[in-house]
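As structure tokens, here come the structures.
In the two assemblies presented below, chain A is common to both, partnered first by chain B and then by chain C.
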Partner chain A sequence: MAAPMLRWGCRGRRWAFARVDGGSCHRRGAPTGSTSNRIRGESSVAQQPLHTAQKTRKGEHKWAAVVGLEIHAQISSNSKLFSGSQVRFSAPPNSLVSFFDASLPGTLPVLNRRCVEAAVMTGLALNCHINKKSLFDRKHYFYADLPAGYQITQQRLPIAVNGSLIYGVCAGKKQSQVIPKTVRIKQIQLEQDSGKSLHDNLRSQTLIDLNRAEGQLRVDANISVHHPGEPLGVRTEVKNLNSIRFLAKAIDYEIQRQINELENGGEILNETRSFHHKLGCTMSMRDKEGKQDYRFMPEPNLPPLVLYDATSLPAGADPQQVINIDQIRETLPELPSVTREKLVQQYGMLLEHSFTLLNEVGLLEFFQNVIKETRAEPKKVTSWVLNTFLGYLKQQNLAVSESPVTPSALAELLDLLDSRTISSSAAKQVFEELWKREGKTPGQIVSEKQLELMQDQGALEQLCHSVMEAHPQVVMDVKNRNPRAINKLIGLVRKATQSRADPVMIKELLEKKLSL
Partner chain B sequence: MLGRTLREVSAALKQGQITPTELCQKCLSLIKKTKFLNAYITVSEEVALKQAEESEKRYKNGQSLGDLDGIPIAVKDNFSTSGIETTCASNMLKGYIPPYNATVVQKLLDQGALLMGKTNLDEFAMGSGSTDGVFGPVKNPWSYSKQYREKRKQNPHSENEDSDWLITGGSSGGSAAAVSAFTCYAALGSDTGGSTRNPAAHCGLVGFKPSYGLVSRHGLIPLVNSMDVPGILTRCVDDAAIVLGALAGPDPRDSTTVHDPINKPFMLPSLADVSKLCIGIPKEYLVPELSSEVQSLWSKAADLFESEGAKVIEVSLPHTSYSIVCYHVLCTSEVASNMARFDGLQYGHRCDIDVSTEAMYAATRREGFNDVVRGRILSGNFFLLKENYENYFVKAQKVRRLIANDFINAFNSGVDVLLTPTTLSEAVPYLEFIKEDNRTRSAQDDIFTQAVNMAGLPAVSIPVALSNQGLPIGLQFIGRAFCDQQLLTVAKWFEKQVQFPVIQLQELMDDCSAVLENEKLASVSLKQ
Partner chain C sequence: MWSRLVWLGLRAPLGGRQGFTSKADPQGSGRITAEVIEHLERLALVDFGSREAVARLEKAIAFADRLRAVDTDGVEPMESVLEDRCLYLRSDNVVEGNCADELLQNSHRVVEEYFVAPPGTCCPEWFNR
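Now for the complex of A and B:
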């Protein structure tokens, strides 16, 4: 769900803050604890989740869950959202702190243009309505890593609202089918990041790094359960989830916990919880007495953020002083949904394959580079890239950019396969050799290992002859019309050729010899 | 020399009648002699002398930076000054030395001005008397003027002269006292609800509050961000215009400054004719609490304009009466927010308690802030609570808009400037003043000045005449937003007509002569 945010939220100090609403979940009341029951509901209106067709056991109520996500993603920018301080990953603590970042009295926020442009682009990519006027607010709470005592955010009128994102959910027997789903985006807001606290429990000290936090993605999940047709339940908020896997686990756990609690006559408190990733459960944070009141107030030091489009742009406006939405729209790269559609049309690819290609950073580019250089059929290329290549990467936990096999090498390998120079099992062998990073080309590997298909028909005929003589019983079986026997003979011949012979050709020769 | 205006002394510097170092030393001596006024929290003697030395070199080389080069100035102690302690007259910031200069301070220094020191105020500028700072109250130099003392001698009831000193008004009372006692030629104040104009009126000075957005607030430790404006205190309108010329303009560090070019420098023409002017007299400003003397001077001023050919009309600002309560909600809310950063962690005061971060915050803030500040933080947080926000903060914002619209309507009806009182009466004795609490006093004293801050308009208090007691009374002119130059031009004309008398501190000097270090200075005439 958060992939596009992740994609560009890799560096930078500040959070573009997306509230992704919806994603209703439904499950039966039975406390099975199994995640396979969970279905990410189509996110229509969060208040009216879809009803599943699941049957309930007698005496049981059906439960529906509502999940809303607050996704914090860092903007890739050279300087911070409200100060000129640099942004650099893993810089020494407190080395990139301006007077404003330290909240020295009298300092004022100055909005970073690049961050606004990034927010607008994100809004456009997520099909949002871009607000031509948005406002900044102060959110107050006391915490050691929040030196001003408030955070500047966009609570009332954010920069973008009412968007949607299409994503895929795995389904089917092997989870191989991808069903496209839509999640609604409530709003995208620009928000100042807090600092980072490091608690030293031994010395009971807290160290503060005002360079600000260094996570690329942080998600808070709001979760409630209710009976369909009844009002929504009380929600809890699970804070600071920093991976998609933990996010899913935390949501599953929390839904089940709430159902169990309610079915046992308990009640759900509107509270903040944390996810313990080792124990796999959520726990009340108990750090706040009662409900926190953030005492929101307009940020008086930042005038309303006004954006323009081609129609509203004032004549003679200094391009340095205005932001033109239409101009940003033009610089928007092709969006994943469009790319996926093209892949399906151009290469006859299955929709789920297009999802896989786009979900892995760099995989699409790799695929396209192979396609460019090979004569092999697109379907063949797709199969090799998604099964063999991606399989190897996953097994060794590598990114596409870390792959030992280049697109050219794979293209050459597929050409050899396409021209029937090698068999597909030999091709797998070549691929494995390529993975060893020994700097050899597929052609070199094939000739060194003598993996070419046997093209010499006479020699092959000779081999068939020897095999038949050595296995009279199998020959007899073939003649007695045992359909499997011929395959056994083919296998034996292949083995004798060290898998270098084309099975189709062997079969033809054997059939001729046996006069079938 | 010390009694001259900024423009006059600037001319004297250019002509070599005096050097910046001589001037600086004279001011420093006078600062020492008038220490009892408590106008300064910090005297930056070394910095000033070094700046004077540099200025002197520039004059010798014929490379003067302009009208402000070599001119002693003072800055209210809520403007950040690099390397010089900035306290806001609060325990919370005692010992806090900012690493940067406020934009306005930097601009003055860039023009060659000499920074004599940081002036006293009410804690975090919350007050209207300059009596509620941690360094004690500021005494009004007029308490020691010949004009006031002679009147008091005539009054058989006057007794115990020493304890009967007068307040300066506030919260920029230190800046007002510093200029009024001739220890500098101009001073920066801040103006959120009248904090520059009120002490200017009580100390017989010109107190100018520029349009919101014309002068940078970067480095001004905020009271209410949406109303704060750096203010200028001088002895005459032309001087205020010179300082404004140095300060005005957009600042990339303050996003609320406006980019539209404004005519610079602020040279004020001498109006020969006011017949094309329309002066508005807001009827709601005639309140029962207004002293008869102020009221009479106000109507005389209106008569003066009329007799010189100006059109004088009564106008209505119907939402005026809501302005104080509206201000209370908006001010305390922003105060609650702005004061949140003073938590003892990074700078300023920190208590000794370390059982928990929360306990440390609580004790630090209890020890660091006075009752007035804590009271405003408490009210402000109440107004910002989710359950109260709509009923208080949002409503107050709506009222603020109505108040701002009142002014727009008045100006749209053809009025060029509004003429009002600045304060209800002349300065009162300290002992009288503290009979009421800070909140009551602020609510009373800001009555004519504070609506202007809600609307972001320029306004200036001009000293008009002495009261029966021999104390200054000021009147206020309010202009259209960003028509600061027009406003000051009218004020300059008016200033010329009224010929306000110069404060006569000869007696003060004589009284102090026993402790004078520099006998020569005692003989300097303080008359023009």
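Now for the complex of A and C:
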């Protein structure tokens, strides 16, 4: 109980996800501003093209969907948000629970400094305005895993507001093009998490563990539809979304459901729905009690949270008791968008490559280590890392850290390729051998398998000559400008060299001989 | 706090206050409907069993409504009586927990190291088992 959580609301005109698994990427547009359930009727935002979810019948108005995401993220800290109990997975039930977490009378919340720093860092990383003063509130509802009967949250005035996040959407043929998009972050707030309930239906009881709730990252989606130019529609909240794929499916389904309902003259209720992934649909969770009333009130035990920056920092203040936003900003690591931009500038790679490099844990470091040790051109390194290396990893479902090939090994291989000691196809063979984890270096493999390219130009010319003599018909075809014939000839020479000649070199020699 | 309000003087009631009172009674007639009572009972798990209890509630609301008589034009709402205090920040160290046995002793029912609760939201009948 009381594990620290950050909650942030994304109000997107479009989806916030880069890839929809197994399907094409849809783009949904909505022309107006925030769909926040609390703030409505914000002025229309700038023109942008509208993309609707499906074909419209002739004479029908287009529909626009607005989607907001509520994301709960567990803060990485040693102790909880309001108590000194440990934050840890897989501990015996109720062993990480203090008197406060169990809501015993007379206990008070004591704010964890680290959680505030984490919230500020998150706000800064997401381009938010950090509120120098923020407030804590109580949100009341009854549930067995919430022993206090309320959750301490930041409803009125959260710690950070009005941010944005740039992300990439895969589009185009083969999903290879990456289009940068922006999603707005409405706010970021600190709040307690609840405990965990285990339902025992057999004995009609629920078992409660107040250590922490499940899942380090949870998402709920708020969805509404409307006709462009008209006011926003009634929204529904969809819960029980356990993966990005389900999130996408659920949003798709709910948008369609709402459109169908409205087109058939029905109405949308402001309710909570649950996504059933086996049926692929959302179902109402409402019971006869009607809309939930959380009876928000200020948390009387916590004064406002005041943050400072370099200019407002009071002189002589205890550094343990003040939080300096500017100081925290300096500790922020380089953000992914900056890293991607640098990669594109420095190595001339495509934007989508930079996304791939950053999306795989450890891949960027691997790439940079290879670059450091090899003479080969960055573009070659990029291609080998993203295509060959990553391909092998994915095929065997390995993480970068589990790779049998080290950056040094790949660097050595690329050097051999760069110096034209081996051909491109030989390099692929060597790579395959390296992957077997037999402890041999690329150099050793090349020697053992005699993969070195023929360096003797004279001998190669001789071979070209004899092949040409042996296959006059093919030579005739080449002279007649048959496009496939030259490749056939190159293939024949390669066979004669037992694949130890560089096809590029062969082609050059042949072309010279044939005076092409 | 009270002295501050009194100093501002009494004026006609103003609108636009985000009251925690009087949601039940926007007309100011002092009567609360059965529907509202039911709603409150579910929200707060309180039992307004008797007419007497409802009357007490109505009196409490009327008492709180007197706050509306104060002119708060241009006055910044007080968020907390602690607003001039510093919010103490605790270091991120593990200093408590590990007292499951003690805590579980407080519970009416226990299964292994879990608290036991009725399924779903609490229902008063269950507690009397």
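The rule is simple: the second predicted complex is superposed on the first by the 417 of 516 C-alpha atoms of A that agree within 3 Å, B and C clash if a C-alpha of one lies under 4 Å from a C-alpha of the other, contacts with A are read in each partner's own complex, and residues count from 1 in each chain.
Methods note: contacts are C-beta pairs under 8 Å (C-beta built on N, C-alpha and C of every residue); 3 or more make two chains touch, one makes a residue touch a chain.
This is a predicted model, so every value here is computed, not measured.
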{"item": "Touched partner set for A:144, first chain B, second chain C, both or neither", "value": "both"}
{"item": "Partner chain in contact with A:302 - chain B first, chain C second, else both or neither", "value": "both"}
{"item": "First, second, both or neither for A:206, with chain B first and chain C second", "value": "both"}
{"item": "First, second, both or neither for A:321, with chain B first and chain C second", "value": "both"}
{"item": "Most chain A residues touched (candidates chain B, chain C)", "value": "C"}
{"item": "Which of chain B and chain C A:504 touches, first, second, both or neither", "value": "neither"}
{"item": "Touching partner for A:94 - first (chain B), second (chain C), both, neither", "value": "second"}
{"item": "Touched partner set for A:338, first chain B, second chain C, both or neither", "value": "neither"}
{"item": "Touching partner for A:107 - first (chain B), second (chain C), both, neither", "value": "first"}
{"item": "Overlap of chain C and chain B interfaces on chain A (superposed complexes)", "value": "99, 102, 104, 110-111, 140, 142, 144, 206, 208, 293, 295, 297, 300, 302-303, 321"}
{"item": "Contacting residues of chain C [partner chain A, same complex]", "value": "20, 39, 42-43, 45, 79-100, 103-104, 106, 109, 111-122"}
{"item": "Chain C partner contacts - residues on chain A that touch it in the complex", "value": "77-79, 83-86, 92-99, 101-102, 104, 110-116, 135, 140, 142-144, 197-201, 204-210, 289-290, 293, 295, 297-298, 300, 302-306, 320-321, 323"}
{"item": "Touch list for chain B against partner chain A, complex", "value": "79-80, 86, 88, 93, 96, 98-100, 102, 217-222, 224-226, 252-256, 259, 333-334, 336-337, 339-343, 345-347, 357-358, 361, 381, 384-386, 389, 393"}
{"item": "Residue ranges of chain A in contact with chain B within the complex", "value": "99, 102-111, 138, 140, 142, 144, 147-150, 206, 208, 293, 295-297, 300-303, 321"}
